[in-house]
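Got a structure for you, written out below as structure tokens; questions coming shortly.
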Amino acid sequence: MLDAYRSAWTDVAAHLRDSASIAILPFGALEQHGPHLPLGTDTATAAEVARRLAERLDAVLLPPIHYGDTWNNAGYPGTLSLSPTTVTAIAVDLGRALADSGASVFVVVNGDWGNRNPLAAAMRTLTMEGRIRAIALDYPGMDAAIERVRESRGAAPGLNHADEAETSLMLAIDPDAVHTDRFAPSYPVFPSDFGTRPMQLHPFSESGVFGDPTTATAAKGEAILAATVEASLAVLADLTSP
Amino acid sequence: MLDAYRSAWTDVAAHLRDSASIAILPFGALEQHGPHLPLGTDTATAAEVARRLAERLDAVLLPPIHYGDTWNNAGYPGTLSLSPTTVTAIAVDLGRALADSGASVFVVVNGDWGNRNPLAAAMRTLTMEGRIRAIALDYPGMDAAIERVRESRGAAPGLNHADEAETSLMLAIDPDAVHTDRFAPSYPVFPSDFGTRPMQLHPFSESGVFGDPTTATAAKGEAILAATVEASLAVLADLTSP
Amino acid sequence: MLDAYRSAWTDVAAHLRDSASIAILPFGALEQHGPHLPLGTDTATAAEVARRLAERLDAVLLPPIHYGDTWNNAGYPGTLSLSPTTVTAIAVDLGRALADSGASVFVVVNGDWGNRNPLAAAMRTLTMEGRIRAIALDYPGMDAAIERVRESRGAAPGLNHADEAETSLMLAIDPDAVHTDRFAPSYPVFPSDFGTRPMQLHPFSESGVFGDPTTATAAKGEAILAATVEASLAVLADLTSP
Amino acid sequence: MLDAYRSAWTDVAAHLRDSASIAILPFGALEQHGPHLPLGTDTATAAEVARRLAERLDAVLLPPIHYGDTWNNAGYPGTLSLSPTTVTAIAVDLGRALADSGASVFVVVNGDWGNRNPLAAAMRTLTMEGRIRAIALDYPGMDAAIERVRESRGAAPGLNHADEAETSLMLAIDPDAVHTDRFAPSYPVFPSDFGTRPMQLHPFSESGVFGDPTTATAAKGEAILAATVEASLAVLADLTSP
Amino acid sequence: MLDAYRSAWTDVAAHLRDSASIAILPFGALEQHGPHLPLGTDTATAAEVARRLAERLDAVLLPPIHYGDTWNNAGYPGTLSLSPTTVTAIAVDLGRALADSGASVFVVVNGDWGNRNPLAAAMRTLTMEGRIRAIALDYPGMDAAIERVRESRGAAPGLNHADEAETSLMLAIDPDAVHTDRFAPSYPVFPSDFGTRPMQLHPFSESGVFGDPTTATAAKGEAILAATVEASLAVLADLTSP
Amino acid sequence: MLDAYRSAWTDVAAHLRDSASIAILPFGALEQHGPHLPLGTDTATAAEVARRLAERLDAVLLPPIHYGDTWNNAGYPGTLSLSPTTVTAIAVDLGRALADSGASVFVVVNGDWGNRNPLAAAMRTLTMEGRIRAIALDYPGMDAAIERVRESRGAAPGLNHADEAETSLMLAIDPDAVHTDRFAPSYPVFPSDFGTRPMQLHPFSESGVFGDPTTATAAKGEAILAATVEASLAVLADLTSP
């Protein structure tokens, strides 16, 4: 495993010369996660999953993208959202540059819901160009792992935001950045088409919490991380075999 | 000073509510800096200058952009270049999001030569929109400071790359990431139009060094950093006065 | 209910003058569906669902878009795919024109998997502009209905293509266009990352069938249609209430 | 002749395998045509001409585009206009997909004045790419045929809108969609630069009629259709010869 | 009349302050016109018509655009064609800048066939924005004037290129730039779809002449110019009346 | 040397057939230069330098671009600014067309400060495409020459606008277009960040003068021109050697 940020180009070049060379990019967001979690929650989580994958796959770990498409949360000041076309452009540019540098596989570990569509568009462009095998992982296995450890109910199907799950993850990754004294559940009421069309979240929750952080623990976070890494490796099995 | 990456949105929102609120973004690059300096050299330097400015101005420090337009060095594997339109889009998106979040001043600390034109384009767009006062600093005062401490000659006018100056900066910022055992000067011969038209650098230097790192010291790096911060504050004087 | 294609503008204008006026657009595709189903299968299905919704909601029914983003099936000649940006542009243009015409709600009935992301992008643009309430329905309730009637197993999770389900739908909608003498099941073997990254389908099935059409019946198709319409109405309940 | 919409991909693929294979696309519009003609008038007319050409040339008939650039009539509610770049994108995408599918000739039968420039742009792009012979027909021979049958005078040179000519066409193609009880002539007064610069039509005619529909007959419509088809075949003679 | 190129901004600003202020832009091309006419023929002709109109309308005459969309002739070296989007962008930018400067009417005198569509697109954008009255004149009255003076036959309907008409114009405007010793007629044979789809001209004529220059005279050129100016003034009558 | 504007394509084609063929384009602007200099000052100066270079290099001289990116001066009516993307597009289109025409070297003589970044972007695109050697000259040697002849002080570092230097240039190039009776110095006060971020100039000077024109002479202008031409030739030495 090689941390590109603190490595010289000659060392990275030597590592990428291998025919099964893999580069892993954490793609996060600067997004509100309630009064108790930091704005960098999505980036920190993606960076942790990416680091573990890089170790397991002996890959080049790239420095993270700290911003993503977080339009849903843009009504909370401090959230800084990129437009979807910018997210796509970043991933396409880096994928092409990796191909130029000799990498064979480009794995994006995506930590932000809003990045899913724009990253899918980028992966398709790179796939059509055919110069590098590219995949964006949207935390495979994480939802199932959350269901296994969860004690509180979710705010809505598929919506884990500053709740038990995300708070557990941050307690496992960077506990000093968690304001445990600010934990407070919030269960908004949603309209009939919630989840089926674009909708910003700030009209539904003043605090930005969707669910209940009070039952979060670092152990639950570690369990979710470990399961996500294993499921990611299973998905990557064929793509990363030389 | 507030580190946005590890702060909750509620704290950042409160800080930005101030009428002279300032947000500072380090914009770096993942770019070759010879066999002795890490790929993240430009980002690390910009992040250090940004951190010092944030402290002096009581500003919100944003997490860095780790990639930039480094087409000039794209011939060295491991360099991952964004296209100029992507650099512009990132800065425009973040400037708009900061205006939405209530910030008054957006300072980009640019650490990469290739980002200059695309960031200038972004600043103009933000200035024309008129919602936030925006400036991209290209290290004011740094060239003069380098001239004051320099013992080796430069490779070409305006070209400091993996040389005495940049190596001194990294010795001051992150000495463990510097391979002092790999120091080796390189003084290429350039054509008559070097510096006046777009040209990639890899045909001129095999190692990626342009100048002489052997005379670098952490003290010189600290002197360059300090002078750059002071000159930056002088430039910002009118923009950041409420 | 008003069929815009065969109505005069004066009649449509009068209908849209109502404050809860709804316009419904079927968005299909010209895409391979095996040797036994027509290229227009997705459009025909979306048009049928849209027609039923228009009757239930007394809406203006718009003529269908016959083409969509079908890159996944573009390896089968006769499939004619639009690029995702074109799909987005069509939906945005029509949403704006409907707002200009006085419509309050724009419902897109999407019949093609590949249209999902580009239509979501269009809906977000229209939502951000705030001139019309816009939603793209991706057949809510259909997967559950298929599970209820299905006798054969699916080819892969979430993949219903020219199989029992789609064949049943066409037997209910346009039986004369179904070549019942060409029914033949096909169950390809997929790699570990199937469904998680962009992948074209023609390397996996020569016929273009993914599943088993032999157990299809018109009654199953009618059951799927009816359930989809009811679930769609449930989703639309809040959006279409004046 | 093969109707792609209701044909299986295997049948279309076999038909296109021929070296002189021709695909014909009717490109219409959803545009006001006075209180007596339907919004789909342009599409219906283009579809009829395209169908006749497909029969004469043994071509693949593609399902129609129901929307076009109708900015001129966008002031009449119910008219839903695409932007010109969208019209161009649709035609370019379909031309490329046809080339991928093995077609040799792509004939667009254009039924809407506003599509002329954007379709010309698309044909040029396809021609420059050189992968398919592409042509957009703007009803060759139709103006001359109209002059031969016309009893009423035109509203302005080159302007036939919901008048004797277009009403005759619809009486021939789909008489049930014509409100014969709403026939009323309208002869607006135009400024000196009418026809030489972009101008919307609604300030000039409240009803949307430009000319006189009262003298329309199905026989005149049939004569116009027949002449247009023959003139189109004459234009296509060299392009479609193997 | 004011020649903007050699006037100070204060004089132009004073002239544009008038409520009926008119600015006139000649839009030409650098395009082959056979071995006997200069590449600047289209620009020179447009500039002459524009100058006469500026005098008659007491308008601000803008310096010409020397390049246009001349894809049709790009097979002849020396022809330098702009893409259509560039032509559109130039006209839109200048129209907006004129509106900012206080002009009321923007008249483009177009001298190149290939500019017609892209300039029409620009005029529509400016018209939709509604900040300036904008028109692109495609030499109204010129075809009729040519028919009146012509002695040789044309090469094809609507095609006057380096023939009697264009040569007469240059003999009237800049006789020293005409190589009278190189006059040679050329009458290519065209396919059945000539004029109906995009086609480059160099396969049809080695010299680039389409017609017969030998019957050209300066007097004919002057007659064509005078008629074009009068017809242009007639078109502009309503647009330029205060 | 060949003046393309008044030459036939056959003559230009013959000239460009040479393997070291050079084409030179003056890129100017229509920009305020105070009440005493014409709007065309930048174009006239670039055209003069280009003409001298064309003679020295036996190059093809192209007709000038009369408009540029002059956003800085857009607050003065009569200034007509192109957007930066338009400037880039023009230069890229012409560079490609020159490559198609057989030219080996494309030299842009840039006369306008605002064109620097967009022309650099164009040169990089052309360089990456690799079909023509392209360079944009920003008056090499001119600043040094100005310092040698200057008697008045400059308004700000790097800012020569309608001052002694530019007025001297126009007295040398086109003295009849200079209003010597309107000479009046102007020395605005600038903020601390002047020159480091985008800023329009009209708030700082009512007349548009930045510096002192009263000490201008034609002899100084001639000295500046001659020095700029020599320095340009030195830069071009390697690029134009066969």
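Order of writing sets the labels: A, B, C, D, E and F. Residues in every chain begin at 1.
In the analysis below, contacts are C-beta pairs under 8 Å (C-beta built on N, C-alpha and C of every residue); 3 or more make two chains touch, one makes a residue touch a chain.
Composition by chain, UniProt nomenclature: A, B, C, D, E, F = Creatininase family protein.
If you're wondering where the values come from, they're calculated on a predicted model, not measured in any experiment.
*Asks:* Write down the chain pair with more C-beta contact pairs when A-C is set against A-B.
*Replies:* A-B
*Asks:* Determine, using the mean of C-alpha atoms as each chain's centre, which chain is farthest from subunit A (Creatininase family protein).
*Replies:* E
*Asks:* When the C-alpha atoms of subunit A (Creatininase family protein) and subunit C (Creatininase family protein) are each averaged to a single point, how far apart are the two points in Å?
*Replies:* 30
*Asks:* Distance-wise, how many Å sit between the C-alpha centres of subunit A (Creatininase family protein) and subunit B (Creatininase family protein), to the nearest whole number?
*Replies:* 26
*Asks:* Can you work out the whole-Å distance between the CA centroids of subunit B (Creatininase family protein) and subunit E (Creatininase family protein)?
*Replies:* Between these chains, centre-to-centre, one finds 49 Å.
*Asks:* Would you pick out the residues of subunit F (Creatininase family protein) that each touch at least 2 other chains?
*Replies:* none
*Asks:* Among line, ring, star, complete and other, which one matches the pattern of chain touches?
*Replies:* Basically the chains close up into a ring.
*Asks:* Can you give me the ring order of the chains, beginning with subunit A (Creatininase family protein) and going next to subunit C (Creatininase family protein)?
*Replies:* Starting at subunit A (Creatininase family protein) and heading to subunit C (Creatininase family protein) first, the ring runs A, C, D, E, F, B.
*Asks:* Can you check the complex and tell me which residues of subunit F (Creatininase family protein) touch subunit B (Creatininase family protein)?
*Replies:* 71, 84, 117, 120-121, 123-124, 127-128, 134-138, 140, 191-193, 196-199, 234-239
*Asks:* Along subunit D (Creatininase family protein), where are the residues that touch subunit C (Creatininase family protein) in the complex?
*Replies:* Residues in contact with subunit C (Creatininase family protein): 4-10, 12-13, 16, 30, 32-40, 43, 62-67, 74, 76-83, 85-86, 89-90, 93-94, 97-98, 100-102, 174, 177, 179, 182, 208.
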